[in-house]
Structure formats: structure tokens, C-alpha cells
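Two complexes, one shared chain (chain A), two partners (chain B, chain C).
After this line comes the complex of A and B, so read on.
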């Protein structure tokens, strides 16, 4: 499909210049650009070229890799009809200010894609009307798909009170043998020890 | 004609209140299924005809915790689900028992990750653990027998957990 109707062939030359790189791999097209430029490109793809379906919004964390910026936000666009096509736009995004303008006004399906990307990577989409957490609990303090977040977390999975029997009834008790609850005791020595223990693979 | 012909008329039995209450309880456990993953499929198989948990009196599956006395936690429990599970457990009337079914509910299984509770027994009482990934229905039936043994040891004058 993309060989027949290349994704960016119809871009005006002013927008062509914004595209840093084009990769064709196994019939899939990948364009990349820098962060503030994605908006004008996506507007053109939506309104001038008829890409009426935003398949997905996601991100990649290149921590420790020799790349232009730390994050890449990926938009997967699809066009149906007489000139069907699908391609990806990768947007480089810096670590110091991980903020992008939202594309909810262009595609409604960006709502949850941006919410999920915010939930997992902490990237802020300005203009998204409902940028709450999607998968994680609302008070979760971290962004778990960042590469510097340990697989076993930072003790969040131990935050719960215990339900214990006392006489003929069950009561909730705050555990005393480890620090609990998000937002409390996060910087105590016990907590740091907990993180180190949780970050190691189990024997 | 069966046993009743031997008693004749209005017969009587001698027993203790404790024995007969426990006998009634352990042969009529009402499970509350808390199925979140593949273990729930095996649990459903246990409830259905081939394995037929009703042979042992525990077929009245209650989907309201207020009507159940046996909680079967079958499947992965994530940190978003744990408060729900605790709430459901606390809604069950006493006396109540808990089966932690399968590796995930008992210790997190292979999911040693930031979202997964590494064993529900960290945060609520568990009476019987069922090993397996997922356990076969026979294992769950065996756990039911273990629960029945525990029920048989109860003292009705002191409550399940002592007073």
C-alpha cells in the first residue's frame, strides 16, 4: 500500500523540510520529526491528505541510547478509501520538558491513546481535556514504562493496610514492618531498603 | 427403604451442638468466586458437571459476598484490585474461610512486577493455599476438603478466630 501511495509525497515543501528521516521497512513507512513540528504535520495529514483514523498514540523511551532525544512519541495514522495507506510518525521529545500539544481536536481517538501514554511515560499532552491515569491507580506516584523504573516497582505493591481478625470481627491495620502508602514515608531508610530489595530479582 | 426404618417412629440422635453445627456448616459451604484469571476457568470447571463440587455441598455459588462463607481467590490480584478484594472479604459474614487458588494468588506467580500483589495473604487471612498454575479441579476439591476439616475443628462458643 505504502509503495503505491507514499505517505508524505503530497506534503508541501515547507512541511517536507520538517521531516528528519524516512525509513521504509517491510512495506511500513516511518517518518520522524522534532517535537513542536508534529502539530503542523499532523494537521496537514488530517485535513489535506485525508488520514481520518488515528490508530494509536504511544511512546518509546530510549534511555541510555545514543539518540536525538530521550523519548519518541509515535502516532500511527491510517487512511481508507481510494488511496489507502498507513504509516507512523515518530516525534522526538526531550526529557527536560516532556510536553506535546494534544491532537484530540484532530482525532477523537487520541483521547485514550494520549491518556495511556501519559499514564505510562509521564508525557503531558497539552489540550487533552481528560488527562487522568488510565490503567494505574489514580494516586500511583510513578510512570512504570520509563526505563529507569524498576520492574518490581518502588514498593507501591506493598501499600495496603492488612485485614486481620480481632476477636469476632475483622479490622484494618496499618502494617508496621514495612513502610506503606503512596506519598507517606517515601524517603525513609526503610523505604529505600525496601526499594533495593524489591528491585533485585528473587532468589 | 433406608436408615429411617431402623429408628422407627420418631427416633432421636445424641450429639453435641458443636458437632451438629459444624456438620451443617462444612457440608453446605457457599463459595464466593473471585476469579480474575485462568484459575477462574478451572474453578468454573470444578463447579460444573464433570467435577461437580455439589457432591460435597459447595455448589451454591454466591455472587454477593454477604451470602457467602467461602472466598475463592483465583487469579492474579493487582494493586488496583486488592482494595476491592479486601472490601469483599470484609463484607462476608463470619464465620468465613478463604482459599487462595493458584500460584498468582498465593505468591504472585511469575508476575514479579510493580502491579502484582505477591500473595494475597500479605494483606488478608488465607486458610488454604492451592498450588498449581492453574491447579486442576481435583486440587480445588482437595482444598475444599481441607476447608471442611478446618470447619470441623471450629468451636461455636469461641468464634472462628478465638475471642
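After this line comes the complex of A and C, so read on.
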């Protein structure tokens, strides 16, 4: 679909300049731009070019990779009708201030899409009226899809206060921290090191 | 403990750990975990102005899963609604960054557990898109047949539960009886009933058994009378019709803007079906219609699902008539797991299998490649965004669950309606918590 009507062909030249890169892969178009510029691009796509369906909002964390910035926020846009098309806009976002303007006023589906991206990556969407945590508890102290967050967690599960019945009252119990081996990540460097160490011939 | 930056300055106050503390100090029962609750619906707080804040779920039979809604009531009218999700959050996306491409197939079962095969197929199609693999025609046709069978199971269960929630209990029992035929087929092709893990990247586990056509054809004979039976039973039921007609209206404009998909969107007149618009697995060879409704109320969503069942039956008939022979796994064994028969009897296949399942030796797409691949699951558009860094695990695996975007509009739809309508609306949206929370 995207081969026939390339997404960025109709952009005015002032907006064309904002696009850093265009990648075609397996028939899909991927545009990329920097953080504050995405707003004017998305406004143009929504109002001038009729991309009326925001399929998804998500992000990628490139911690420790040699990339332009640490985060990439991904918007998947689609239009139907006479010129159907679908493409992705990747927005580079710096680690020092992971804030970018929301597109809730353009598509309502961004409400929960941005909420989940905020919940998982800590990216703040300015202008989203309801940027609460979506999947994690309100008082969860971390953003779990960041690459520096371990698969097993940091023990938050055992740190939540438990509320238990005592007689006819509900009492908050002290959190108990106990060691566990459940869910040890197979792909952590420590595990691979351990496997390599064990597989060496003993003397 | 750093609070999230967004928790300050929001509009509607929702219960937090701090308000919970206050409640406890006042001697209120814990409304958050639901321990010691004698009833599933709990009245949390009575405000001075005659408004009542009511907690609906997460453990309530009408929520069909762990969905929690907080309604502010004036009399029986919902003036304000808010939802809290995430009770089943299991970190599937994080697991996707730690499991190999083949291993994650088993995780995809657990999303929409009512139609696990559609999740398996969607995920396998996504990874195959990323690799540029095309599965053999027999595999594609079998995947289509099983996806549609699974779609029927999902839709018929939804209709049954919709009936059950509104007092027509026999519908659910009839639906379950015929659903058993479907589960027999699923059991025959993959051995499991619920968590199927049927597909592999580049194919399926094994070819279907010899009696598979008999099972499917007897299903095609026995199932269609149920559609008329349910229609007769429900459309002549005044209570049911009154409780779903003109209730929970979603306009086409809203459906588009809020990103709804699947039967919920098409019931509002949003003409969108991934099977027709962006065909995968050769859906373009089958002749089927995409039904559309216009009203966008609970009744349209019921009719939409029933009409989609008929179209699915049509696709199954066509696919069974033209089911090709041949292999069911792609013959590039550098990326596709050979079938178990071959592994047990053939040296090369054993080596290929071994290399594929070994850590660091599995499927390795080219670094930097990323893809968004969508399939039509029973609830709507199930999308996978995959990003590869050249290793055998995905660098980023994002699931675009249809239920998440469908459910986002729910608080808006129930506002202004009656409390009992919320139950009717929720069952017509058919939100699966496993997929919603992942």
C-alpha cells in the first residue's frame, strides 16, 4: 500500500526538512524526526492528509546503543478511503528531558497509548489530561520496560504493604523481604557467565 | 519512592495508597484488594451532595475478568466513570525482550485466552513479516481455517455471555454446547484446548490429523442452526431487546478517533477489516463480506458478531474446499523448526532443530529491522510491533491489543447512562483482561 502513495510525498517542503530519515523495509515506511518537530508533522498528517486513525503509540529504549538519542517514540498512522496508507513515525527523544507534546487533541486513541508509554518508559506527554499509571500500581517506583530494569524486578512485589484482617480490623503488615529464585532471567550476563563457568572442565 | 510525574495535577481524584491509608484510619474496609469484602459491589464513599461513589469489580461476575470501574452515581445514573486496569499485568512485552522468537509463541496464548489460535497466528505472521518468510500454501490455509474457527468460538461465547448478563441464561449454555465442537477440533490439531501454542515461526507444529476434514465438516453442519436459534430466542425476548437497543451508542466519528477496531468498530459503521484491507495468509483468495451496522449500540454489536460468524463459516467452507496438499512448514530450516516427525527420524532435521533452539543460535533477523504487522483477531486489530537488533531475541516486542483501545472509550460510553446499562455495555464490548493487561 505504501509503495503507491508514499506518506511523506505530500508534505510541504518546510516539513520535509524535519524528516531525518526514511526507511523502506518489507513494504513498510518508517519516517524519523526529532522530538519537538513531531507535533507539526503529525498535525499536517492529521488535518491535511487525512490520517484519521492512530493505530498505536509506543516507544523503544536504546540504552547503551550508538543512536541519536536514547528513546524513540513510535506512532503508527493509517488512513483509509481512496488512498489507503499506513506508516510509522519514529520520534527521537533525549534521555535528559523525556518530555514531548501530546497528540490527544488530534486522536483520542492517543490517550491510553500515551498513558501506557508513560507507564512503561516514564516518558511524559505534555498536554495529556490523564497521564496516570495504566497497568502498574499508582505508587510503583520504576518504569519496567526500560532496558536497565531487570526482568525479575527489583523486589517491588515484596515491598508492597499488605493489608490483612486482624479481628474485625484491617491492619497494614510490615513488608517482608525474602530471597527467591523464581523467574531468574535466562539471558542475563550473570546467568550466561554462570553457565560458561560450569561448563568448563574441572581440574 | 519517587511518584510518577503525572500523578500531580490530574482532574479526577482516584484512590491511591494515601487515600487508602486514610480509609484504614477511619476504619473503612480495604477496597483496594477486596479482602474481607462480603459483596462484590462495594459502596466506597458517600459524599455530602447526594452522590455515591461505587466500586464495580475487580471481582464481580459481570466484569468477566479483573476489570475495575469506579462509578459516581446520582440515584441510578452514572455521572462520572473511571476504570482501573492492570490487575493481570504480567509483563509479556518484557518477556518478549528476554525469550527467543520461537519461545514467545507460548506467551501469546495467554493474551486472549478465548481465541488463543488467533494470537499465535498473529504473532507468527509478524515474525515472518520481519524475516520476509512466506509460509507454504497448506499452512496458510490451515491457519485461516483455524483462525476462523477460533473467531467463531470467541464470538459465540461473547454473545452467550451477553445473553447471560441480561437474564437469558440458556443462550450461554447453548453457546457452550456448540463451542465444544470447536474445542474438539482444536484438541485434534494441537492436543491442547485453551493454551494452544499451535503455530511456529514459519509453519505449524504438525500437519492436521486425517480425520480433521470430517470434524470440520460435521461442525459446519451442526453449528449453523444455533445462529437461528439464538436469534429466535433473543430477538423475541423483550427484556433483552429493551436492554440493548439504543444503549451504549458509539458514533462512527468516536470509533475512528478512539482507535476502536473489530466488531465494536464495525457495529458503529467504521468500515475497517484487516483481512480485507491488508490481506495476510492469502485472505484475498476467499470471497467474504465485511458486515457493517450503523447504530453503534449494544444491539448492533450483537448483530455484528452474529453476522461475522456467518462470514467466518463461509470462509471455512471455501478454505476447506480448496485446501492444498504439501508441507506445513517453510523449507528454510535455518529459520523454521522442522516437524517433530522429521526431527525424530532425520539427522539433518535434528541438527537444524538443535541449532534453532540453542541460545544465541535461533532466528536472527537483520539488525535494525522493525515492522508493525496487524492481523484481525476476534476482538479487533491485533498488532505486533517488532524491532530486531540482530540477536535471537527481539529488541522490542510491542503488542497492540484490540481490547486496550476498545476499552479506553468505555468510561465515556457509560457516563450518563444507568448503572444496569453498564453491565450490558461491558458485555457487548467483550474486553478480555488477559489481553488488556498483558
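We adopt the following convention: the second predicted complex is superposed on the first by the 160 of 203 C-alpha atoms of A that agree within 3 Å, B and C clash if a C-alpha of one lies under 4 Å from a C-alpha of the other, contacts with A are read in each partner's own complex, and residues count from 1 in each chain.
The rule we apply is simple: a contact is a pair of C-beta atoms (placed from the backbone, for glycine too) under 8 Å apart; a residue touches a chain by one contact, two chains touch by 3 or more.
Predicted model, so just to flag it, every value in this text is computed and none were measured.
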Chain B or chain C, by number of chain A residues touched: C
Touched partner set for A:169, first chain B, second chain C, both or neither: both
Which of chain B and chain C A:25 touches, first, second, both or neither: second
Partner chain(s) touched by A:94 [first = chain B, second = chain C, both, neither]: neither
First (chain B), second (chain C), both or neither touched by A:36: neither
Contacts of A:152 with chain B and chain C, given as first, second, both or neither: first
Chain B versus chain C as contact partner of A:74, first or second or both or neither: second
Shared chain A surface residues [contacts with chain B and with chain C]: 136-137, 144, 151, 161, 163-165, 169-170, 172
Residues on chain A engaged by chain B in the complex (per definition of touch): 136-137, 142, 144, 149-154, 156-165, 167-170, 172, 201-202
Residues of chain B that touch chain A when the two form their complex: 79-80, 82-83, 86, 89-90, 94, 112-118, 122-125, 159-163
Complex interface listing, chain A residues touching chain C: 1, 25-26, 28, 30, 52-56, 58, 60-61, 65, 74, 76, 80, 84, 86, 88, 107-109, 111-113, 116, 118-120, 122, 124, 128-141, 144-145, 151, 161, 163-165, 169-170, 172, 185-187, 192
List of chain C residues in touch with chain A within their complex: 1-7, 10-12, 14, 16-17, 20-21, 24, 27, 29-30, 32-33, 35-36, 85-86, 89, 91, 93-95, 98, 129-130, 132, 254, 256-259, 271-272, 277-278, 359, 369-372, 374, 381, 383, 385, 387, 389, 393, 395-396, 398, 400, 404-405, 408-409, 437-438
